[in-house]
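Look for chain A in each of the two complexes below; its partner is chain B in the first and chain C in the second.
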Partner chain A sequence: MPDTRTDSTLSLTNVRAGYGATVVLEDLSFDLADGEKLSIIGRNGVGKTTLLATIMGLTRLHAGRIGLGALDIAALRPNRRAHAGLGFVPQQREIFPSLTVEENLLVGLRPGGWTLERVYDLFPRLQQRRTNMGNQLSGGEQQMLAFGRALLTNPRVLLLDEPFEGLAPVIVEQLFQALLRLRDESRLSIIMVEQHAKLALAFAPRTMVMSRGRVAFDGASRTLIDDPARLDALCGIGGGIGVAH
Partner chain B sequence: MITAALTILFHGLAFAMVLYIVSVGLGITMGLMNFANLAHGAFAAAGGYVVVVATRSLGLPFWVALPAAFVVVALAGAVVERLVVRTLYGADELRQVLFSIALLFMAIAGFTAAFGPLQQQPEIPAALSGQIALGGVEFPSYRAFVIAAGVVILAALWLLIGRTRIGMRIRAAVDNRNMAEAIGVDTRMLFTLTFALGTGIAGLGGGIGADVLSITPTYGQEYLVLFLIVVAVGGLGSIFGPFLAALCIGVVDVAGKYLIPEFGAFFIYGVVIAILLAKPAGLFGVRS
Partner chain C sequence: MPRPTVRVEPVKRLSVPHPGAAAPSTWRGLAMGRTGSDLAIAILLGLGALATLAFGESYWLLGSQVAITMIFALSVDLLVGFAGIVTLGHAVFFGVGAYSVGIASVRLGWTEPLLGLLLAAAVAALLGAATGVLVLRTRGLGQLMLTMAFASMVYEIANRAKPLTGGADGLQGMVVSPILGLFDFDIFGLTAFLYTLAVLAAVVVFAVLMTRSPYGRSLVGIRENRVRMQAIGTGVQKRLLSVYTLSAALAGIAGALLAQTSQFVGLNVLHFSLSGEILIIVALGGAGRLWGALLGAVVFTLFKDRLSALDPAYWYFWLGLLLAVIVLFAPKGLIGLVDRLLAAGRPKETA
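For the complex of A and B:
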């Protein structure tokens, strides 16, 4: 059961990774404690998506160690990493178009605290759309489905890549509330990559700022909330990150 | 007039079902793995030879020989996938084509060495060697069995792909392999299984259809274009598309050859071009 395990720490040590011979992440290290929530911000193109994809095993790892609990997962294929407890909500959502909504939810189902009923309770909209095909959904519905699909694999660590990107403000608000519920009601460890600094800083007590494949800041979100000038400097002038959204 | 129409329909359907049973696996594996397996027909021929050997040399009943053809060819498919095909996923098409053509010609040489160049016929059970009357016209019962077998296989595949967990995973992996992996689907194992299933069904088609597409060593080469047409017209990764494509091609081909024999295969290729112009991804293409 995911909520009773105590060794669900994700740790990256001196990770160098990228695509083919191209290195995007340079010597990146951090630890995530059991049940900890972490926000990651940074300008477009600094490697946030690459970081999550690397944890998932979808990029080329050149060097470094990736640990999940006591397990070194660096050499494992993505499906073994999923079984080891990683849940992935990718930036492009990547809903399976030829599966129905319910099939999208069930295809990765593994036993645990998260059940179809609980996901439908969190996102009632998905239940209404359960027989629709994956390619017949609005952006917000796709995002809910991507969340639900990851939750039903009953992960220990949930990786979210810009879950609010491209969504209308009212939908962002709804999803954010659902995410806060998730944060407060489960012992899931969560890493959320987010462009909206305001949402990111409000979501997790700890925030990491990335800059060109490296960690530029890793500390209390409070520090950045209290020092907007520092936040601005870290994220770069005109880098597309506003404190307001 | 009615007799001619019935005759065309009946034999067209039988031809279509053989095309379908042999080709459907090729469409699934091409849709899932993006691997152009030009040796697919050799697996069908292998199934034909299994049925020939089982019924003629070993004296086994036809009803034992058919499942044996499926199992033997599926196992061979799994071995070939593990040993070679796997290394060619994502390779450029030229390498895939050269590899699978090489495999095809090796199979042809192997079949010739083992069985000689001549056509081989399986022993058909007595129950299927008579005639049945349909609408006042007599037809060979065996071909009625072939038609029924095609429909049963369509239904079985439709249930497997549409209604089971493994089918759900196959569809997910066809849609997006990385994402399927990321939620825990072992796509490597799935590819091996699917390749085995696709080649196994082809083997079954080779055995069942020996009466329509005769079993010779060059089977896989001779009918390759037909199999590719069924897959291209039906759409890659689809179960139902190739069925419709096979129906069109089977009936049109038999009708054309029956009514205007001097034009030969002109009509089926005309239909192919028309369909592919109208729908480049095929009738039910999941992927073009």
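For the complex of A and C:
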């Protein structure tokens, strides 16, 4: 029998990618274990979103390997990658405005452990709003919907791009609770790109800090929580504010 | 160092995932809302059809034409209103469907009407799949140009292939067998009317189910955000090609019905003006709403008939004026108007 190691769900090896001829990610590598949660932080413009887009196949890959389980997905189109097990919650949420909440949820449905009932259990608000159109939702509801839609594709790895951006603090709190529940109770691997270092470090035991398209730090979140000075140095002014006090 | 201040509440367990569990009720709750107007129009059209059957002998022939236009409009709405594919050449599938049954009857002696419909659907679907591969590589204006180009080419082929199509004289002497061997086409057009109504009903049921299915919803998703649909796992190009092919087949069925009920096929079934007209009908009714397209087809065909009777010389002017007025006052089409009427009649909801 060949060695079918499943401990590494997602692995990037020497990935160089960007848009057109422009390279945003330089020689980036990391592994994500099955069920592992990873936060990615860094200044604006260091390539965090580009990293998620590259994993999803929405950018131009210049070099490197992207593995999902035993599969090399680097040459696959985005829809094949989704089928292979990637679920992507984009920064702009991208709700379909003329579908209802429930239709938005079901449009990408693939069989698996995640069902409509479980999503409604996680986000009761969505159930209340199930007949509303996508364009009638608040920002927080849209974000819940974007989560739910991705979960119902029953992915192995969930990619979250700045899920709390532009939301009121009380909504952020609610969403974060739901995310923690997801973290603690599901076996999903999750990568969360986040501006707020506080939330990012609290979410995942492991944090990666990016700088200019490379990995500047990859280790225990605890290390950065305990060493605000280092976090500040890595993330620059503002990045560590949430932890510093 | 204080822990981040986010408090973790004890939470109830998520229900245990069980991979083999029954698929969630995918159909339930799909396409809710919006149904009030649909229902109103369905009832209105149903009553209209019944009244025509009971009292409108002289309108039976017109009734068949209306039903045929409705099927054709549905086929275009699936593309334009749902999947966001634009076309200025959909008459090509209508025409090819008409010529398929016409040629089968006149040249080959195949006169069975229901098999004729299948043949027309198959031929139109084949052409749809073949041209769709090219048309769907482009978007917007590119699609308009390509669909028009293919339609023009087929029009000219039909014009030149006289031995097959009869060219500009049309295909004469078409014979259609009784439906199911029982119902002969009569001169009053009753059989034709009932026949087209039955096919229309089947097509409407099919289209309603299809657009409410996850497949149909995914078409709307593609129209609104192609990249997102791809990112949640939809093979966008394949899906667009499938709906293009399906739409072509439905248009082919509509064309075949026209050929069978009028027992004649002329070049007009392939003409550019028909492609334009059907697009106008869909916009008039309200693109993206099946019942809008159906209502649009009825209103347009009846207007056309009445106006050409009232003012045979300048009826196109009056038609244009009416369309302009409707578009100005009902930018979301006739069904938008129905939405507004129903909303006005309903007491305000308190959320």
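As a convention for this text, the second predicted complex is superposed on the first by the 230 of 245 C-alpha atoms of A that agree within 3 Å, B and C clash if a C-alpha of one lies under 4 Å from a C-alpha of the other, contacts with A are read in each partner's own complex, and residues count from 1 in each chain.
The criterion applied here is as follows: a contact is a pair of C-beta atoms (placed from the backbone, for glycine too) under 8 Å apart; a residue touches a chain by one contact, two chains touch by 3 or more.
Treat the numbers as computed from the prediction; the structure is a model and nothing was measured.
Visitor: Identify whether chain B and chain C fit side by side or clash on chain A in the overlaid structures.
Guide: Once both complexes are aligned on chain A, chain B and chain C clash.
Visitor: When the two structures are overlaid on chain A, which partner does A:77 contact: first (chain B), second (chain C), both, or neither?
Guide: both
Visitor: Touch test for A:56: chain B only (first), chain C only (second), both, or neither?
Guide: both
Visitor: So which one touches more of the residues on chain A, chain B or chain C?
Guide: Higher number of touched chain A residues: C.
Visitor: Look at A:131 in the shared chain and tell me whether it touches chain B only, chain C only, both, or neither; answer first, second, both or neither.
Guide: second
Visitor: For A:147, using the defined touch cut-off, is the partner it touches chain B, chain C, both, or neither? Pick first, second, both or neither.
Guide: neither
Visitor: Touch test for A:90: chain B only (first), chain C only (second), both, or neither?
Guide: both
Visitor: For A:111, is the partner it touches chain B (first), chain C (second), both, or none of the two (neither)?
Guide: second
Visitor: Once the complexes are superposed, what residues of chain A are shared between the chain B interface and the chain C interface?
Guide: Residues 56, 58, 77-79, 82-83, 88, 90, 94, 96-99, 103, 106-108, 110, 149-150, 153 of chain A touch both chain B and chain C.
Visitor: In their complex, what parts of chain A are in touch with chain C?
Guide: Checking each residue of chain A against chain C gives 56, 58, 77-79, 82-83, 87-88, 90, 94, 96-100, 102-103, 106-118, 121-122, 130-131, 133, 149-150, 153, 173, 176-177, 180-181, 184-186, 198-199, 201-202, 225-226, 228, 242-243.
Visitor: Quick check on the complex: what are the chain B residues that touch chain A?
Guide: Answer in residue numbers: 165, 168-169, 171-172, 174-176, 178-188, 286.
Visitor: Per the contact definition, I'd like the list of chain A residues that touch chain B in the complex.
Guide: 56-58, 77-79, 82-83, 88, 90, 94, 96-99, 103, 106-108, 110, 134, 149-150, 153
Visitor: So in the complex, which bits of chain C are touching chain A?
Guide: Contact set of chain C toward chain A: 1, 3-6, 8-9, 11, 13-15, 17-19, 21, 23-26, 29-33, 214, 217-218, 220-221, 224-225, 227-236, 288.
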